[in-house]
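Take a look at the structures below.
Below, chain A partners chain B and then partners chain C, in two separate complexes.
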Partner chain A sequence: MDLRCYKLLILGGAVRLYFSRTPLAGLISNRVEFATPLNSYKRMQEGVYLLQHGIDPYGGDLVHETPLLLRAMSTIFTSYPEFLPLLYILLDLSTAALLHLMSSNFVQQKLQQQRSELKNYAKDTGELQYTEDDKYDIAELVLIAYLFNPLTVMNCIGLTSTVFSNLILALLLYSLMKRQLLFCLVLLSFETVRSLYPAVLIAPLLLIFARRSICAGVSIFTLFVACCMAMAGANFLVMNSWNFLDGTLGFIFHFRDLQPNIGLFWYFFTEMFEHFRTMFLITFQLNATVLYLVPLAVKLRKEPLLLATVLIALMAVFRAYPSLGDVGFYLSLLPLWRRCWKYMSHGFVVFAFFLITLVMMGALWHLWIYAGSANANFYFGATLAFSTGQIFLITDLLFAHVKHEFCLYNGQKIIINGEEARILLE
Partner chain B sequence: MGLLSDPSLSTHNKLVDSLAKHVRKVCYTFYAAGVVWFFCLALPEFNHGTYLSENALSPGLVYPEIRIDANRLTVQLLEELQRERKDHTATTPYAWITAKFNEFGLETHTHNYTLRYPFGGGKEYHGKNVYGILRAPRIGSTEGIVFSAPYRAPSSVHPDISPSVPLLLAFAEFARRKNYWAKDLIFLVTEQEQLGMQAWLEAYHDGDREVDPTKAYLFPGNLPARAGSLQAALNIEVQDLDIDYIDVKIEGLNGKLPNLDMFNLVQRIMAREGISSGYKQTPRKARRSTFSTFEQNLRHIIAMLTTQSSGVPNGNHGLFHRYRIDALTIAAMKRTTHSNIKTSPNSVAIPLLKAIEGIARSLNNLLERFHQSFFFYVIVHNDRYISIGDYMPALVALVACAFIKAYLTWSTLDTESSGAPEINDSDTSDKLPLPYGSVLIFLTAALLIGYLGNVLPLQQYFQEIPMSAAPLTASLLTTLMLIGFVLPFFVVLPPGGLELLHIGLLLIYGCALIVVGLLNFALGFFVAVISVPLVIALNTNAPDTPESSSVGLRALIRVYTLLLNPLVIIYGIVLIMTFYQFPELGLQQLLLRAAIAAMDAVTFALIDSVIYGNWLYFAVCTVFLPIWIICWTLALARRRDPEEDEDDEDPQVKLKTN
Partner chain C sequence: MRHAAALLLLLCLCGLQIHAHSRSGNSDEKFHEEIVVRPLAGDHVNTYFQFTTRWHYGARDNLFHTQLTPRVIAEILQTYDVKELHISLTQGLWRYESWGYPIVEATGGAEVWAWFSGANLTSSSVNSQWNKLANVFSGVLCASLNFVDNTNSIAPKHTFRPQFMDASSRTRHVRYASLPREIVCTENLTPWKKLLPCGSASGFASLLNSGHVHNTKYHSLSLKVRTLCAQPDNCVVELTQTANLVYDLKLLEQSSSRDFSLRRLFGMGLNGFCELADSSKIYVQRNEQGQRYQLVPSPLEEVSSTRGGFGSVYAVYDMQKLSELGDRLFNIAWLAPKGERRQPSTSAPPLYAHRYLLGAGQERGRIVTEVTNTHWEPLPVLLMELVPWYVHTYLHTLRIRSKTNGHGHRREQVLPFKLLHYAPGKQRELPTHLEIGFQLPPQSTASISIEVDYLLLKWLEYPPDANHGHYIGAAVISSQLPMGRNYTALPVEGHLFKHSFNATRPGYVLTLRTEALIVGLPTPDFSMPYNVICLACTVVALAFGPIHSVATKLIIVERNTTIPRNFLRKIWHKIKRRAGSKNEPTEQEEPEREHQRVADLNERNDDDDRTATDYDDACVQRASM
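For the complex of A and B:
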């Protein structure tokens, strides 16, 4: 981290601090796009209060945060609530700093790998290879992308607990780069018990640490399960009851709260006949977790970090209660694949998609909820388009990676029979 | 999915490249398609007949029970009121109205409110509304319907509508004797036009809210009694008991409309009573026109959109929409044509009373709020409408131009910047770096200028300047506009900045139009129709490149940009209106009078925005003015240094040889 990064961090902090003092903060913490039943500030407050007064927070249907976090936050929530925005900003800044460190580490490793494989590369692929400068450039881009992305800024000032999720994910990626197995497992199990979906991130973990030895893989997986159980046990110690499992994981899996959000669940589950619910629940949850896991893990076995990025992105699209804070997090990981950008052809379309749909969401929500003239279909249309845009982005990234790999070994200009070559997917 | 899995290795898409060469043609095609689609909407094939979707509304259509004695009462009350009006030339006869409400056995209350006028050193105005509640025997005051009649004192400049109050009272007297009411009925007499209604509604919904006396302008006070959640409202403006026809007014605040079912209901009931009624109804003589159906429909559509686009409600009903209450006004007009056919004085008020009874009984039977039928529609004819799905494509086609052009411009920009080193295969650092930072700062500056227009006129230190409201607001806005006007002469963007700014403009413009169009279709559509051609024509290519436009076209674009300045447009609209209203004025007088009227219009828009929540002023200042500043910058297309132009030119020539 050099001086410039510190300046950026301070600037990012200043921006967050400024906006957290404007009326915007209150507005954001009530917007469904940012605050879902899982991560909203109000519910956290409620949970802390109930816990302190010895009432089971999971008895009702309001609180879905893990007991550990509620307990950890209880002092600051009750005694120093005026410092809460400051705490969230600091956490968010550490997320940014961790991402920065992680990315320079990643580029370092890429450079090493490149040096050993350099003789296999085709001649005209200089611009496809990572350079020494990238160590600073890419890391700085990641930093900027996290610090000044409006989505993450608003997520932070809205005081959603996605700030914690982002921090833990960033820490996980960082320790993944540093090859700290135990630390990774602890973080992953903590986040899994909190929000279920990060369990899929065990795949990049296995790819990095098991190194194709089945034995090691099985033992790591067992260790992970043990960690999860230990984490659940720790939560149990706080509460002295297992109610929290149904309040957090059960709540996510069963999708009990149909409050609209940017995801795909709520609309389908409001429209659905009740006796199909179980089937669709399983289908949707499979889609959000394991459906893409195996094919992606096989395809991206050499790029565990790309696998992690794509899985985090897919999670943000398909999870039961997604929020824009999740989207902001994976967007800031995109600069890591800067050398693939050349092949990303839909960047502008996706950007325009995001812009239009986000703007429309605001207008349509107003028309639906306040003016009462539009209805749920309008809003769902906008969120559906937003999800489509995200899928476009993820697919684009994957294809760009495939093309990048191919060109790296075969050269950028391939002429067959006087025509430009085309890749066929078979 | 070939779209996602493009098998080509290079990022150059031939289709995009060739489209990019014809970007203007593509865009103008879309523009033409949008406008043609809009005109097609007037054809009978493109619109549908209205129908009642909500079955709960039918009871009122059956059998009216109001009898001739109600007519006697109305006439008698009207005579009493006329006597009262002689004593109260500038005020409302509260005592008389309250006494009558009490006499009929209603729960009667008065409501006081205060307006602190934003300009003119904190002058205060006071007003008073009278309302009576008929408690429904069948429910515990959880739902209510409002029947309101605005009262105008004899000194008012508006047409006299005093018969509305006796009509309301007579209906109240009839309603009290019935036991089938399932919703509380509120009979409300407001004064000072929309202000009284706004104050009453605010007091009804947020009466218990603390008002910050430094920031608020309207102090609505609180109401002593309420009647649950209001389901619907009917506003009555009757000029005379002997009516010629009824004009149903529906346009509300910010272009919102009541549910189409409510309009249909009124139309059905009026038809049953044999009253000539309709949307934008005109006297019989004027109605007999020689226009074809198409032309008539088109005039109707445009008339409706014009009323909607200003966002100012054309009756007291419009303010209800803000609180999610469906409401409309039935304005009964005095008989001017066929004045020899006098209805017998013994039954003169009966048709209207029967109609009100029918509407009330239908609304009374509603099980939920209006939700079945459309909220977004354009009325083509009294019994024909266009739904949102049919008219939206017109706007979408216009807005699509902006996004298509943005995409195509971006993709050519891409080839300019990354294509060059590929061909040179020298060093990669030769790329044209896009100055995102400075463009962002420029956009923020433009936005800030617009935002200042929104907050400055209400600042304390400006209000202390001894100037009346209209010139003050207008001069502040003109100053800001001038700053925007000279901005591009002082700030010149670095190379590549103009192109990037152009793309930014197209995206912002597109998004702004979408949002404005969703909230108020009429405004969005009109703005799109006049401004999209300019946005398509804008060209940032350097003057000596082959793709740049000719000098004449360039000058034309600049003139058009100047004409599209929000202030110029406002002045233009006011000028045209003044010309039609006072055709006898000379040119100089006309221009002067229009200028004064335009200044007033701006001030009224500002007052509307702070008191009623009309967002037209906000949208013009904060959205359209910055967009205009950016347009103007692009129309001037000033570049920093001539060498760069040659650099710009190179890749384009290469692009052509590709």
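For the complex of A and C:
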């Protein structure tokens, strides 16, 4: 990391520090778009408080953080609450730094790969290939995208525990790039026990560490399951009861809290007929986890990091309690695929979707909850459009990647009978 | 015909026998009826009916053969191991600050609590007994008590003390529930009256006509059953039915005068007394607000009592004594002195409470309970909250702030709590149960506040008229007063109103109920289920479709010029292509599209020996990636 990056980090920290001292911080930590039942600061406080007073936090319906994290945070929450924003800012900055290191590492590896495959590439594809400068440019873009994305900034000042999730995911991606298998597994199992969905990230892990052998794959997977169990056991030791499993994973899977959020679940299961609830619950949870896992893993077996990005993004759209902090995280990974951007055609549409729906969400929420002049359908419409926008972005990235790969080997201009041809999927 | 006459005679004889039996005093079942009339501040009158049945059943195995006690009550005690049961059905709010304390406490809506004690009773078996008990009384009183279940019941830890006596020291379980939305009406009064030995045919109960009872500002019907066993073979079952009414004199006819009479209050005069009753008395308070009234007819005797340092005077009309004297009491009138507009000042009771909700919107709020101590000594206060599951409470936001009310320096402080019991709620399963105890400083008000979140429920969980809001039941506040000012409750060992005369004790256990709250939960649109399901599934499909095609489809290239630039022609071109491919699926040669299969790109990348010469002269690529 060079001086410029340090400057950016300091600037990002200053922005966060400034906003965490404004009334905006309190507002954000109460907004449903950022604070879900899983990650809200208030619930974390409640969990720490209950734990310290000897009341089982998972006996109730309010706390869904893992015991390990609650126990780890309890000293800071009770003794030094004034330093909490500072801690969250530091964690967020380290996420940014890790993403920066990870991306320069990624570009480095891409360059090596390109060098060995250069003779296969078509002639006019210079602009589709990663260059030496990209090592700095892309890493810096990722850094900027994470540090100055309003979504991540607000997520950080809202003190949601998505800050921890983002840190762990960034660490996971970094150690993936560094090929640290054991560390990856520990991080992944920790995050899986916390919030269930990251379990799908075992796929890029397997693609990287068990390229050719099924045997290695099976043993890595077994190791992962063992890690998850060990993580659950560690949590059990904190609480001395298994209640927390139902309070965290069970709560996510069964979708017990219908509090509105930016996802698809809340209104769907509010309005669901009780008779079909179980079926749709399983369908939606499958959709958020394993449905796209196998096809994408097969398709993107050459690009484990792209697979990880797409899976993280799909998770952020389809998980039971998504928050804008998750969205901010995967948005900051997009610059990694800068060389595909040429083929992304919905950029403006997606940008407009994001901008308009995010603005509308705030307004429609106020109209529904406070002014009483709108109803739930309005807010639901906004969240639905937001999800649609995100889906456009993800599928656009996938299509762009496919075209980019094709053109890399076949040239950007393909001439049929002297005329330029179009690329189609059929 | 002769048979019928004989039967009738037999029945009459039986009736007489019962009558003679009960009046003789030797019987093991006794019935008492009492009315207490207390004029209250602000032109209100409190009339309190109490009907007490005591059955000394000794060591009987079953309680199926009852005389005065309703069999349903006696039987239930044994079936469900109930030792003590309180049910109250109330409409209106008791105003402590101006009216003092009621003789029997009740909260708005329906309230039930019961003590269970028996061999091999576990917490879960008590839960099922409790549900069954509530269902039985739902039928007995025609109230919605069948809605009492584990989702709105708690087991209070400190607030309720048992009032029964069990010979053996078994473990005791208590359950409490309240249904603040319950509306009390005629349909509850009629079955309640049917539990009385004389029904509504004669006695004081004949005064309780629904037309007049339900016109009051506050009316509360209640039922209390308890067993008192000195030894296992020496037991008493005691049923106390009370009706507590507060009339607003301004709403009665002839509002200009403040005179009133029993006849005006109840729409009819006294209809004698219940022949099965051992005592039948009317008590009229003569001190405080009552002292300015002149009673017609004047009472035969007056009783003055001193309790906890505070005196009270009651005029007593003993119906049975009057009837022995040959008088028939039909009406009692209270005549206010003419011209006097000034009312005796009232002092606020030592402890009273209010509750309200802070915050706007349907997202979150703050429940605040204010408890005021007007006494000169600190008072211990115990607060119990039962918050329904559709409201989340945050314990870490619980604060007790006290503010002194004196004229001198006002000071605010945060009070520590001496006792805390908290059981967090769970959606659709358990309510939040909170009990806190603290010492309230003299002449000060403590406000206990806790932050809450309102939940969005499933669309079928909303009651009809969802936008009316959801109720949060009253908080129960209990304390121990060192003196007897405004305190009129019966002592725990007594069962008649006269037992509260001169009943000085070291402390007086006081229980208060606050107002119930109504919260507006966010509501979904109830007409939208199909639309929502369709729209959400569409968005899922929006992701599924493209990802499916990325994962399965092949890349082809196509000549650009074959597609016309003109929009209409473009469409025509598409249709033609569709039709063409449908009609002639076997067409080998399409002039605009030439396909040539090349090696799988990925395979080629992996294996360097396969060179790229395959596609040097390829016009069109078709590759699977």
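In the analysis below, the second predicted complex is superposed on the first by the 422 of 426 C-alpha atoms of A that agree within 3 Å, B and C clash if a C-alpha of one lies under 4 Å from a C-alpha of the other, contacts with A are read in each partner's own complex, and residues count from 1 in each chain.
Please note the rule applied: a residue touches a chain if its C-beta (ideal position, glycine included) is under 8 Å from a C-beta of that chain, and two chains touch if they have at least 3 such contacts.
Note that the structure is a prediction, hence the values are computed from the model and not measured.
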With the two complexes superposed on chain A, say which partner A:62 touches: chain B (first), chain C (second), both, or neither.
-> second
Partner chain(s) touched by A:42 [first = chain B, second = chain C, both, neither] = second
Which partner, chain B or chain C, is in contact with more residues of chain A?
-> C
Have a look at where A:126 lands relative to chain B and chain C in the superposition and call it first, second, both or neither.
-> first
Which of the two partners, first being chain B and second being chain C, lies in contact with A:348: first, second, both, or neither?
-> first
Is A:368 contacted by the first partner chain B, the second partner chain C, both or neither?
-> second
Would you check which partner chain A:384 touches, where first means chain B only, second means chain C only, and both and neither mean what they say?
-> second
Once the shared chain is lined up, is A:395 touching chain B (first), chain C (second), both, or neither of them?
-> both
Residues of chain A contacting chain B in one complex and chain C in the other | 370, 372, 392, 395, 399, 403, 406, 414, 420-425
Note which residues of chain C are touching chain A in the complex, please.
-> 360-364, 389, 392, 394-396, 420, 422-428, 430, 432, 453, 455-460, 522-525, 528-529, 532-533, 535-536, 539-540, 542-544, 546-561, 563, 594, 601-602, 604-605, 612, 615, 619-621, 623, 625
So, in the complex, the side of chain B touching chain A is made of residues 4-11, 13, 256-257, 321, 324, 369, 375-376, 403, 406-407, 410-411, 418, 425, 428, 507, 510-511, 514-515, 518-519
The answer for chain A against chain C in the complex is residues 30, 42, 45-46, 48-50, 53, 55, 57, 59-62, 117, 120, 256-260, 264, 266-274, 284, 287, 291-292, 295-296, 298-299, 302, 314, 317-318, 368-370, 372, 375-377, 380, 384, 387-388, 391-392, 394-395, 398-399, 402-403, 405-406, 409-410, 414-417, 419-426
Considering the complex alone, what residue numbers of chain A touch chain B?
-> 124, 126-127, 342-343, 345-346, 348-349, 352, 355-356, 359-360, 362-364, 366-367, 370-374, 392, 395-396, 399, 403, 406-407, 412, 414, 420-425
